[in-house]
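The two complexes that follow have subunit A in common; it is paired with subunit B in the first and with subunit C in the second.
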Partner chain A sequence: MAFYSIAFFSFVLFFVILHELTGHFFPDLQWTVRLLAGISFFVYVSGLKIVFLLLSAISIWGGAIVISNEARLNKEYRKQAGLSREEKKASKIRSRNKKKMYVAFVVVLNLAFLLMAKYILPVTAHPVALPLGISFYTLQAVSYIIDIYGEKYEPQHNPGKVLLFLCWFPQMIQGPINRYDHIGKDLYKTYRLSAPDFRLAFYVFLFGAVKKYAIADLLAPMVNASLNDNASVYPGSYLLFGAFLYAIEQYADFSGGIDMAMGASLLFGVRMAENFRQPYFSTSLSEFWRRWHISLGSWMRDYIFYPFVTTKPMSRLNGAINRRFGNHAGRAVIGGISNLLVFALVGLWHGPELHFIAWGLYNGLIIALSDAAAPLFASVNRMLHIGKNSKGLYCFRVLRTFMIIVFAGYFDVIGSVRTGFTCFFNTFFNFDHIHGAKLIGQLMSEDITSAEAIVTAGIAIVLLVVNSIFKETGHSPVNYVCTRRYMFRWVVCFALMGLLLYSFTVSFGSRGFMYAAF
Partner chain B sequence: MQRSKYIHRIIKAILFVAIVVFFTIILDNAFELNEGATENMLVAYSNKDDIDTVFVGNSAGEMLDAAEYSELMNVSAFNMCTPSQELAISLKNMKMAASHHKIKTIVLLMTIDSVGQSEGDWIDHLYDRVVDSSSPLNVRIVNAIRRNAAKSFDPDVIGTEKSINIWIPWENETEQDLCSIIENLENRFMRFISGERLGSHIAFDLNERFYENAPGEMTYEDIRLLNEDINNAASLSVPSDMIEAEKLSLLSEICVFCRDNDINLYVLVTPHRTDYYERYDSFRSYFNTLNAYVDDFIAKRGFMYYNTEDDDKLHQILPDDYFYDWEHVDDAYKDQATRYLSEVIKNEFE
Partner chain C sequence: MSSNNEGAEKMDELLEILQDVRDDVDFETCETLIDDGVLTSFDILQIISVINDRFDIEIPATSITPKNFNSMSAMQAMIERLEED
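The block that comes next holds the complex of A and B.
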């Protein structure tokens, strides 16, 4: 079900009305409307595969209570009078081991569901479609149970509320990966929709739709024509053009979808986790990953990177390298290994194909190398008398990071690692701008796109860039529009609606969200 | 206080919707080509009396002149063929024809390659609107809402972007240049001022003379060369599969409709130039199979099918010089084409 469809609009309208009525008459039960919306949405899209979701919810609900009880019992036991220090310590270790066993069981169980649904069932003789949002809600489930183990917050005793945390409908299509401590309060609170909140939700949704349909969908045919299985025969200039468009398309598609999901969620008073913070203004790849798909990046950092870095073997290795080569070397090696692991997993999370893993490793390797070379860069800057706050240096770094991301597209889009490498090679050693320009010109003559589509996408991209610049400098264009008088708001609204609708007239067909496939 | 606030909000909401509707109407009129072939044909048809025979199909079918045919066959015929008319639209035309007059015979004129092409629905809303054009405004609005709602809530559409865009009629229009948009608006405005109905006979007649060689401007040889260029440049999309299920279902629906309404249906593949199949090189065998399949399919449903390709005399009666391009007869030779097709219909179907 597309966000921009009568089905979704009717669905949201029905549940918003029900939500408001329940909020008026039975405020304490308002969360059940959200739960009902989540379950209905899941069943509408994935039918009986809701079993996967229910099993996940039951496992983390039960697991969290068992782990929490174990911690409570252990604390009570240790408070008893007359226990020796050794007995208390032994009890603590026993309890921790038990909790570890429970948490491992629940995590393995949930990952097994994900593994089965995403990596095993699709390649069987009778492939089965993915249950809706399993890649996203599984990570949410794992984060919940690990946080309970770490006693970050109290477990939720109501299984319905745990299920709601996993199946909140706007997050189901392509995330973000919400955290319980962040979204929980909003999910269970009583809320009445106000006019300013409605306006905010509307404009967030509308701008998201413009990103998706006026940018991503209009650029997609050109990207598909340039970055495909035949890409190895194209000159570097053409490939670079395709990869550049892909970087824009991917951002517009993913962040547009997230905006639309957030807009829908705001109508119910639920503010979901921020997933993008102007990623193309990043000055390094590691910063990019703190601004791009933030919810996945922070999940990987908290539940893979840090736990891995602090394992005993890694700590020992760190100590050994520190002693022999100095602190920076230890940090760079341990960070590098951890980044490679994390990004290989990020690649695998996108899909079981080799090119995704290569794409992940490309990211991990660049981050590892740039960490290792950080002192070298610093000394070069000192030598050239370039200050830390130099605007030129900032622009250079932003451009450099953007190009690194553009090149990553070769592995991300093209289904063959070998072809990805050939594209890389062609970009640097077979640029051939004359042939490339001819091929770019052919995109229009071969009915792949049209001048109208390019102009429409161009206008929308300018809007996106202006919006990003304002946000980067601490302003919020959406909030600004929402707080103006209605005449101004309407002009903006009609302009965006006009752009959106016109984009459909020049579009060569819409497709689902990229990240919905992950 | 609270009450006046709510009233204020309701008024603003109504105003908002009114502006959206207003712009939709303006843009619809701006983008949708004035005097389009379908629009003109339908309006021309609605002005006719006592029609008992109609021709439906794509532009190739325009070679059959209705007036000449009526004289030759002693019937009252009307040609509903329009450029790129797909089976779904042909079926709509048949239904409209039958709802206005007592139709005895329908001739479905096709080119064999069109049977293998996919269906689209780009003209649907225009068709519906033109059909409604003579109704009072309130009936037109109610009909439009009813039709759009039915399409929007169709299970195959409801979850897609199309479910919303159906309500924005101009969204389906192909892009027009600024001059044609301005001209369009001007024409429509003038027509609105003068109170003239949609479409006109003159425009339809002009449309009928589309396939006319302009002596001195473009010779047959020029056109042949132009066609060759097009052949070399364009990648012809011939489906690899036999025939699309949607096409078969529509053909079947057409047969059922004719049977239920006691109408004689003649399915006829129109004549073409000798180099017609050269465009498709290796697809000749595909078309032979397609031809046999459709023949059998129509026969099983109690109607007849005839491909003029099977007639040895075809190219003697209609030599290549008579064609505007590979499948459209030059308007100067329409009479010959009509006489030929009338003979075919008499001999093969009646």
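The block that comes next holds the complex of A and C.
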């Protein structure tokens, strides 16, 4: 279901009305309307594959209760009088092992569903569509059960509420990957939509729609014309042009879609996790990953990176390296290895294709090397008398990080790792700007794009850049618009709507969301 | 009195560890080390490894939360909890 389809608008309208009515007459049952919306949305898109979702929900609901009961019983046992310190310790270890077994069982079960749906079924049978949002809700399910194991919060005893946490409809298309302790409060509360809240939801959605339809969809044909399976025959200048547009397209597509999902969710009073913080202002690739697809990055950090580096073998190795080579060495080696693992998994999560893994390793390798080389960079800066707060250094770093991301596009978009490497080579050793300019010129004559589409996208990109600069300097343009008098609001609304509608007329066909495929 | 001294000594030792990891951060006043992204995951990795070593404890992955790492005093409290176990 596309976000700007009649079906989606009718769906949201119907459930907002039902949600408001229930909030008025049966406030305690309002969360069941959200659950019904989630289930309907899932069944509408994926039909009977809801079995996958139900099994996940039941497994984490039951698993969480069993694990927390075990912890409670063990605490009560250890409080008994007359137990020696050794007895207490032994019982604690026994209990921890039991809990570990339960949590491992639930995690493996959920990952098995994901593997089956994502990597095994598509290969064996005819191409089958994935159960909606399985890559996202599986990660949510795993985070919930591990948090319960770590006693971060109390388990949810109502299975319907656990199911709602997994299938809240705005998150199903392309995330964000929400956490139970963050979104839970909003999912189960009673909420009445007020005029200011409606306004905020509307403008968040509208800003997102402009990104998606006036930028991403208008740039996509040009990106596809350059970064494709034939890319190895193109000159570097043309490839760089494509990769540059891809960096903009990717951000506009993904963050635009997330904004629309956030807007839809706000109509029900549910605030979802933040997924982007002006990522292209990052001064390093690791900072970029803390500001881009934040909910995935923080998931990987909390449930892969930290658990992996704190395993016994890793921490022993870390200690040994530290003692021998100094405290920065352990972190560089262990952090580097773990980071490669994380990014290989991020690549794999995107799809079981070699080029995604190459893309993940490219990211992981650069981050690992730059952390290892950090002391070296610092001393070079000291030698050149460049201050930490130098504006020039900041601009250089932002630009450098952006270029690293632009190059990553070669491995991300192009289906063959070999072609990706050729593109890389051509960018530096076969730039040929004359041939490149000719190819760019052909984009219009061959009807791949039009002057109108380029101008429309250009205007929207300028708006996006201005919006991002305001946000980066601590302002909130969307809040600003929402709190102005109504004349101002209407002008903004008509201008953006105009831009949006015009972009539909010059678009060469919209596609789904890039991230919805994951 | 002696436990107070012990606490103060531990705090000094912790400060020394933290400053060794990052000399550009004011650990004595900052209370949003994680929330504001002051410490990276590589910093945390180094911090837990040195703390584990010096205080002879094992910080499990589930304890690596903003609540436990946002400030020096939060880390100190976490270390004391883990030492009791």
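Heads up, the rule we're going with is that the second predicted complex is superposed on the first by the 517 of 518 C-alpha atoms of A that agree within 3 Å, B and C clash if a C-alpha of one lies under 4 Å from a C-alpha of the other, contacts with A are read in each partner's own complex, and residues count from 1 in each chain.
Definition applied: a residue touches a chain if its C-beta (ideal position, glycine included) is under 8 Å from a C-beta of that chain, and two chains touch if they have at least 3 such contacts.
On a predicted model such as this, the values are computed, not experimentally measured, just so you know.
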| item | value |
| --- | --- |
| Touched partner set for A:328, first subunit B, second subunit C, both or neither | second |
| First (subunit B), second (subunit C), both or neither touched by A:501 | first |
| Partner chain in contact with A:450 - subunit B first, subunit C second, else both or neither | first |
| First, second, both or neither for A:64, with subunit B first and subunit C second | neither |
| Touched partner set for A:172, first subunit B, second subunit C, both or neither | neither |
| Partner chain in contact with A:305 - subunit B first, subunit C second, else both or neither | second |
| Residues of subunit A touched, compared between subunit B and subunit C (which is higher) | C |
| Subunit A-touching residues of subunit C, taken from the complex the two chains share | 20-21, 24, 37, 40-46, 48-50, 52-53, 58-65, 85 |
| Footprint of subunit C on subunit A - complex, ascending | 92, 146-147, 149-152, 286, 290, 301-302, 305-307, 309-310, 315, 318-319, 322, 327-328, 330-331, 334-335, 338, 371, 388 |
| Interface residues, subunit B side, partner subunit A - complex | 9, 12, 16, 19-20, 23, 31, 152-153, 158-161, 163-165, 168, 170-175 |
| Complex interface listing, subunit A residues touching subunit B | 1-2, 4-9, 195, 213, 450, 452, 486, 490, 494, 497-498, 501, 504-506, 510 |
